[in-house]
Amino acid sequence: MKLEILYFAWVRERIGQPRETIETDAPTVAALVKELSAREERYALAFSDLSALRVAVDQELTDYDATLSDAREIAFFPPMTGG
Amino acid sequence: MKLEILYFAWVRERIGQPRETIETDAPTVAALVKELSAREERYALAFSDLSALRVAVDQELTDYDATLSDAREIAFFPPMTGG
Amino acid sequence: MQIRVQSAPFDYGTECAVFCADRQDVGAVVTFCGIVRDDGGDLQHMEIEHYPGMTERALTKIAQQAQDRWELLDCMIIHRFGPLEPGERIMMVATASAHRADAFAAADFLMDYLKSRAPFWKKENRPEGSGWVAAKDSDEAALSRW
Amino acid sequence: MQIRVQSAPFDYGTECAVFCADRQDVGAVVTFCGIVRDDGGDLQHMEIEHYPGMTERALTKIAQQAQDRWELLDCMIIHRFGPLEPGERIMMVATASAHRADAFAAADFLMDYLKSRAPFWKKENRPEGSGWVAAKDSDEAALSRW
């Protein structure tokens, strides 16, 4: 399936781009992270400490166990600092 | 001693005046209340339920046991409703 | 610290703007505005009586307690007395701090204390007559939070 | 209910004034304003990044939760993104209720949730370099109050 992947804040800076479209069969967020990390060093570095990251699937906060069936947009970012 | 007595809100309305100067030897607020209540029906009525009243001596909230030595201004009023 | 007790109206928006103007040490401002609410739909006007002299002392003391207790960079209380129409602003408080928790707690504290410890009394005038607003047990109980 | 996510400045005083204008059912208005604070005295500017689309969804959800939980007559959130100078207003929330306890609790709740659950990230630029502001454990912990 085709997924839109978005990166924000220092995750975006480490990955080196704000978004990309990928083709994947990863069933969960965790599987997607593993797949991306295996690709290139910059991904492995960005995803090296998952506890320091947050993930949203289709603009809703979720966790690494979340399934990707029907997902269109996955975003990775650090803990939020609004307000 | 000479004391300035002030009344506010419905206490003022029941007593029928906002303030008066009296000559008294009452040692405490409680004794002053007793002295005033013995004077006239309107005082007795205003002071009939002391739990519904608050008292300030020289502009500081206090209670009926408070001593009146050195006091200049005593005020009686209902519980406050600021804000 | 600013304490104002006045019969004249005040402009809530302008006071909010001025309160947090030109400061780079303030991270958080909280304001509260109390408005004459027309519960029953038949409130003609409200009359606020106060105890001149004691009012200013009581408000100053409450504001000082807030400043002793939380890290405030500034705080303000404005309270009106005299006749007020429904919808008019009765009073406001504002607190400024580096951090939001202090600004919120201090504003909440100021409101709880000035509700029950500042010498103001409200009288409501309605077509069927006028009456003094009774103090609520819940307002007195709120003080035990602090 | 009003949610605004914008790069343009907003006028805190004007927003406060407009928020509580012409209402006779509101007794209590609470506002919070977050300001770019210059801790070290050397902050050049702050840059706020956000997640367009998700930001509006998250803020709307948070405001709806506040409205479900407290008796609010109105609530508003304005949050800026992009570059901001020290002293500039970052964001504000406002709540209106018949009673002060609801207005205070809802504003405090909105702030706690949008601190940690709305997709904004702050980067500070100083002479020695720039860095992302780290989320505080205390902000995450604050959510357990609700």
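Note that the chains take the letters A, B, C and D in the order they are written out, and that residue 1 is the start of every chain.
Quick note on the criterion: a contact is a pair of C-beta atoms (placed from the backbone, for glycine too) under 8 Å apart; a residue touches a chain by one contact, two chains touch by 3 or more.
It should be emphasised that the depicted structure is a prediction, and the values quoted were computed from it without experimental measurement.
Undergrad: If you take the chains that touch chain B and keep only those that also touch chain D, what is left?
TA: C
Undergrad: Please compute the C-alpha centroid of chain B, do the same for chain C, then give the distance between them in whole Å.
TA: 26
Undergrad: I'd like to verify one number: the distance from the centre of chain C to the centre of chain D, where each centre is the average of its C-alpha atoms, in whole angstrom.
TA: 23
Undergrad: Please compute the C-alpha centroid of chain A, do the same for chain C, then give the distance between them in whole Å.
TA: So the centre of chain A lies 48 Å away from the centre of chain C.
Undergrad: For chain A, write out the residues touching at least two other chains, lowest number first.
TA: 83
Undergrad: By residue number and range, which residues of chain C touch two or more other chains?
TA: Within chain C, the residues that touch at least two other chains are 34, 100, 111.
Undergrad: Hey, which chains are touching each other here?
TA: Touching chain pairs, listed by label, come out as A-D, B-C, C-D.
Undergrad: Could you list, by residue number, the parts of chain B that touch chain C in their complex?
TA: 6, 8-10, 12, 56, 59-61, 75, 77-83
Undergrad: For chain D, which residues count as touching chain A in their complex?
TA: It is residues 34, 49, 51, 53-54, 57-58, 79, 90-91, 111, 114-123, 132-135, 139-140 of chain D that touch chain A.
Undergrad: Show which residues of chain D lie in contact with chain C when the two form their complex.
TA: 11-18, 20, 22-38, 86-87, 89, 98, 100-101, 103-104, 107-108, 111, 142
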